[in-house]
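Structures follow.
First chain A sits with chain B, and in the next complex the same chain sits with chain C.
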Partner chain A sequence: MRRSKERSRFIFLCVAPATILFFIFMVLPTLNVFRMSLFERGAYSPTETFVGLNNFKVLFQDAKFISAMQNTILLIVVVTIVTFFFALLFAGILTREKLKGQNFFRVIFYIPNILSVVVIAGIFSAVYKPENGMLNSVLSFFAGREVMILWKDQQMVMISIIIAMVWQAIGYYMVMYMASMAAVPADLYESASLDGAGRTAQFFQITLPLIWTNIRTTLTFFIISTINMAFLFVKAMVAKGMADVGLSFMYSQKDAGLYGYAMAAGVVIFLFSFLLSAMVNRVTRRDVLEM
Partner chain B sequence: MKKLLSMILASVMVLSLLAGCGGGNDQPPAQDNTQTQPSDSQTPSTPEPAPAPAEDVTIQVAALASGYEEAYPGMWQEVCDAFTAETGIKVELICDKNLEDVIGPSMQGGDFPDVIHLATGREKGLTEQFIKDRNIAELTDVLTMTVPGESAKVSDKIVGGFTDTSVTNPYGDGKTYLAPMFYSPCGLFYNAGLFEEKGWSVPATWDEMWELAEKAQAEGSYLFTYPTTGYFDAFLYALMYSVGGPDFFNKATTYAEGIWDTPEAQQCFDIIAKLASYTNPVTPAQANDQDFTQNQQLVLDNKALFMPNGTWIVGEMAEAPRADGFAWGMTALPAAKSGGNGASYCWLEQAWIPAGAPNMDAAKQFVAFLYSDAACAIFAKGGAVQPVPGLTDNLEGDNKMFYAIYDNGADAAMGNFAAYNAVAGLGSVREVFLDPVNGLVNGSITQDQWMSDVKAASDQMRANIMG
Partner chain C sequence: MNKTVKKSEPLFKAFIYVALITLAVLIIVPVAWVFLASVKQNSEFYGNPWALPAGFYWQNFVNAWNAASMGSYMVNSVIVTALSLALLLVVALPAAYCLSRFQFTGRKLLNTCFMAGLFINVNYIVVPIFLMLKDGDAFLKTTLGSAMLLNNLFVLAVVYASTALPFTIYLLSGYFATLPHDFEEAAYIDGAGYGATMVRIIFPMAQPSIITIILFNFLSFWNEYIISMTLMASATGQRTLPVGLLNLMQAQQSSAEYGILYAGLVLVMLPTLILYICVQKKLTQGMTVGGLKG
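What follows is the complex of A and B.
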């Protein structure tokens, strides 16, 4: 009895530093965001006025905020689907097929993930350059005439961002799936192929169900990180106001001197990402299969 | 024993972590204590400030590292050292390209630098926020102070008119809050070599401009480009000034009722919309912070004739490849009607003191010192020109031509859109007036839509104007 009391005290003390820091640097600021969303103030001003829920009332009628959230949702949906499709496909190929230079490809795919967004923006600036840009030059070569697509102009801007975001994210998730795919016992595939299952059937019948837990977890991660990454990409890559997402709207309101209003937008985005993750978690729930 | 040890270890860990976090807060109060000392013993108007009591004062100066600092690295440090040598007040300098990100967080925590050199009109709008919050110390009394180390008053060292506009007196009450620092004429930049080669003359009116556009098109070039929509602020100010004169300019920048329905306003909108139709179509795709130099490159490559810009462009594009025979040319905006004057906007950077500055008196001395001959000479090495009489006489090369623009008959437009209280849902001046130009060029917005958005926003801005 005495031992377990001692033990729990020890555990308490071990956990305390992290908990205290988490409380001070995560929980308190988050609560403060909620509080500040009820006030109006400048970012650097010492005075604030209580405005109740007025910030939220204006926010839901602000056409710019609504279009920013639409862009956010578009990016989340499209980038998630495309990234997961390619990440699973490449992971499947690299683990199951006998390719030369497997590790080489693994490294190549992973590189974008260690680059900072600023570097990626620089790379894509060269890729998307209208005159003599890499992408337009390649397209011109195949079309046999000069192709002049304005990748970062209004009409194409979302597609350009999606391409860059997918390129950045694939490697990381591919490596994650490769790790869990490697844990799938090879004899399952052997017996399946004896039963006449093709490669595609094996992938959907064996691989996918067995790594489902992994996919679920990464999906939740990905949705939350996409909200953040979308902001970074938009900020670094395209003209201001052309493809605003939720968080860039928040920042521009702060720069306009509306700190409370920006915090209200922050609260909505926070709740939005929370709800979305919960929903995704719900929808993707399956019985866990044991290997 | 074991229990005790683990408890000690754990508590040491907690304490050391917390101590590390709290450390940042120890400094400001310490500075506060030293601050009271010199302010008592030193009145601002003392011609020869006594260095002895001031020695333990350290002021913090935050200055934007702009193109001038790049042209002459260490420019600001040299000025700060000269100030310390003159007054004995120590200076801790923060000089950064992204100054807002460096000083912003600590200012949100209530820790302000003593002097900030950061202009209005930047994307992060930090200076505007301080103006809107009435968080800037008044500088009117600095004008009557004596420049440290000299016998002249500060007001004698500033060219008349530079402390009368909304750039320095944001509330329109005759009080100066922001000190006028570096100024540069803005205008349309072009390849003078190309104009000579083709025998074109620089258009004096907008009609001549449109004729030139046709000629350029025949050569496979375009009339116009712009780095980002942000560069349209100087352009719009100059345009409004040349079209409607000072009266229209003042009314428009204070959002006077019905001002956007006047024929002058219509002419401004028409000119910009027509210019948009003659703009090189790749411009909006590159009009972002990442690629704007590629738009500037269009002029160097003769793929666009004109772009609105400032004198810093020469240094900024110094390393860039260019067409044969390229030579920088700069012209004011053409006259609205034949016989009229062109106009050039005078871009002015400001230095100011936050209301929360801990060493107010020493900070004011520093601002006064910025107008001393010693400081002016150091700034001039970086190509920065202050509105101090006689400074433009010593200019050389391209700069000489640029600063001569007003001598050549162009009207100088100065001032900016009046500050208004921030209202949720109401965009900034840049979002309302300037950003839609991208849309005009790529066709995602019509001129009518832009005009009606401007009118609606302008009404709201007028309702919330400060002053």
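What follows is the complex of A and C.
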């Protein structure tokens, strides 16, 4: 009996601190996002007035929010396709072919993932510098004339963000797929090549189907994370107000003191990401092949 | 390895190498360029960007460290990162241990909650956290006469640790659950209490996953800037390194002090790069378990 009392006390002491912190700093703020989206709160006083769904009504007519969501969708589609195409391609090559220096490439490709987005923004400010920038000088070299592209201007800014985001993500996903592709048994490829299947056929008929579960999970995850990463990149790389994505729009409303409105935007983006990942999950459903 | 490998035509192989080297160059050159640029004099930035530095102009680092306050930001970042890591370990280790190895009422509910927490991203909840602390400050000001929740490194560390809890507990629980129960039973028979068993027997066995936890969370705390920027917003207050760098970047757009900017960049990324070089094997292996984080 004493033992059981001691046991309960021990469990309580172990679990309580984590639960309390989790509740205060994650559960409560999450509930508050939804609650506050129905209220209007002044910038200087904490008084809140209930406005029902009015914030949402205004939001869906806000041209800035709509263009921010369009930018978000553009980034999700382009960054996902480009990153996954190259990551799968390179991972497929690196695991199937016996190459020298595999580990070297692995180490290099992973580097962008350990850098802060602020650092990446700094590196790319040197890449995109219009005069004497890295990219323009390389382009000038190949074009044989002076190229002066304003990479961070209104017209180019989304392309610049896409390049930086792909640069950051590609290595991480490549290393991840290499790990799962390495688990595909080698004798499958051997018998396939005896049957006369070429590299491309092997990739599409053995490698891809066998790691499909992994691709599916990472794809769903990548879409959610792109919504967040797009915010980090835009906040660090883009001059204020030049181009917004969903979450940076939310943050700029917070800066303007429109807290209720900002949270309504947060709710919409959250529901959007939820629906999108559910949709992707459905569309990519296949019969699972066992190894 | 197998036959397909031996059959590879040289042309195809050369093509693969070219593609791989191109990607490696695309990644390594911009990073290396910043390192070289950090020792260039300001006048050198108006010429060919591919010229090597004329000399080692260390003054950039001195200026970044002192004049641009990167030195004190660095100290702040070290404090916040160390504090949040310590707090995270103290809170998450016992919780993960109990949640994965003890049967008690509410365990399932708690596990589900922490799992759901994996899907809550801090970018969504940073505004409510900010408002909560702001209201708390207003309350403290009327009762105690001084506000101390915003612009406080310790509070920032608590927020970091709290928001890292779901991922950390998820990872640790997965590891704890694989250990056989015999260890605890033997310890109990020898008369050890629950706490002693946990600290002396279980935690040492969990060392590999604890190291993984420290690595991943070190990188995310050191590099984080949205929470830090929001909760440490006072113009005169302390900042962490990434936020200081961000301000430096914005200031640089008008004053064109390129050398200081690139020296600042090096100061922020050097610790993570050194750590990466030391533990790169661990990190690239560990990422298969940490695949949920990005």
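Simple rule for what comes next: the second predicted complex is superposed on the first by the 261 of 291 C-alpha atoms of A that agree within 3 Å, B and C clash if a C-alpha of one lies under 4 Å from a C-alpha of the other, contacts with A are read in each partner's own complex, and residues count from 1 in each chain.
Heads up, the rule we're going with is that a contact is a pair of C-beta atoms (placed from the backbone, for glycine too) under 8 Å apart; a residue touches a chain by one contact, two chains touch by 3 or more.
Source: prediction; values computed, not measured.
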Taking the superposition as given, does A:Cys14 touch the first partner, chain B, the second, chain C, both, or neither? both
Once chain A of both complexes is superposed, is A:Lys64 in touch with chain B (first), chain C (second), both, or neither? first
Scan A:Glu6 for contacts with chain B and chain C and give back first, second, both or neither. both
Looking at the overlay, what does A:Pro130 touch: chain B (first), chain C (second), both, or neither? first
Is A:Ala256 touching the first partner chain B, the second partner chain C, both, or neither of them? first
So, A:Ala121: does it touch chain B (first), chain C (second), both, or neither? both
A:Val283 contacts which: chain B (first), chain C (second), both, neither? neither
Looking at A:Ile24, would you say it contacts chain B, chain C, both, or neither? Reply first, second, both or neither. both
Going by the touch definition up top, name the partner, chain B or chain C, that contacts more of chain A. C
Going through chain A, the residues touched by chain B and also by chain C turn out to be 6, 10, 13-14, 17, 21, 24, 46, 121-122, 125, 129, 131, 236
For the chain C and chain A complex, residues of the former touching the latter: 1-5, 7-8, 13, 16-17, 19-20, 23-24, 26-31, 33-34, 37, 45-50, 90-92, 94-95, 97-99, 102, 104, 110, 113-114, 117, 119-121, 123-125, 127-132, 134-135, 138, 158-159, 161-163, 165-166, 169, 193-195, 198, 219, 222-226, 242-243, 245-246, 249, 261-262, 264-265, 268-269, 272-273, 275-276, 280, 283-284, 287-288, 291-292, 294
Residue set of chain A touching chain C in the complex reads 6-8, 10-11, 13-15, 17-19, 21-22, 24-30, 32-33, 36, 41, 46, 86, 90, 93-94, 96-99, 104-112, 114-119, 121-127, 129, 131-134, 137, 167, 170-172, 175-176, 179-180, 186, 189-190, 193-194, 199, 202, 217-218, 221-222, 224-225, 228-229, 231-232, 235-236, 247, 250-251, 254, 259, 262-263, 266, 269-270
Residue positions on chain A within touch of chain B in the complex are 6, 9-10, 13-14, 16-17, 20-21, 24, 40, 42-47, 54-55, 58-59, 61-62, 64, 121-122, 125, 128-131, 148, 150-155, 236-242, 252-253, 255-258, 261
Partner chain A, residues of chain B touching it in the complex: 3, 6-7, 10-11, 13-14, 17-18, 21, 104, 107-108, 110, 123-126, 128-130, 132-133, 135, 228-229, 281-282, 284-291, 294, 354, 356, 422-425, 427-428, 430-431, 435, 438-439, 442, 444
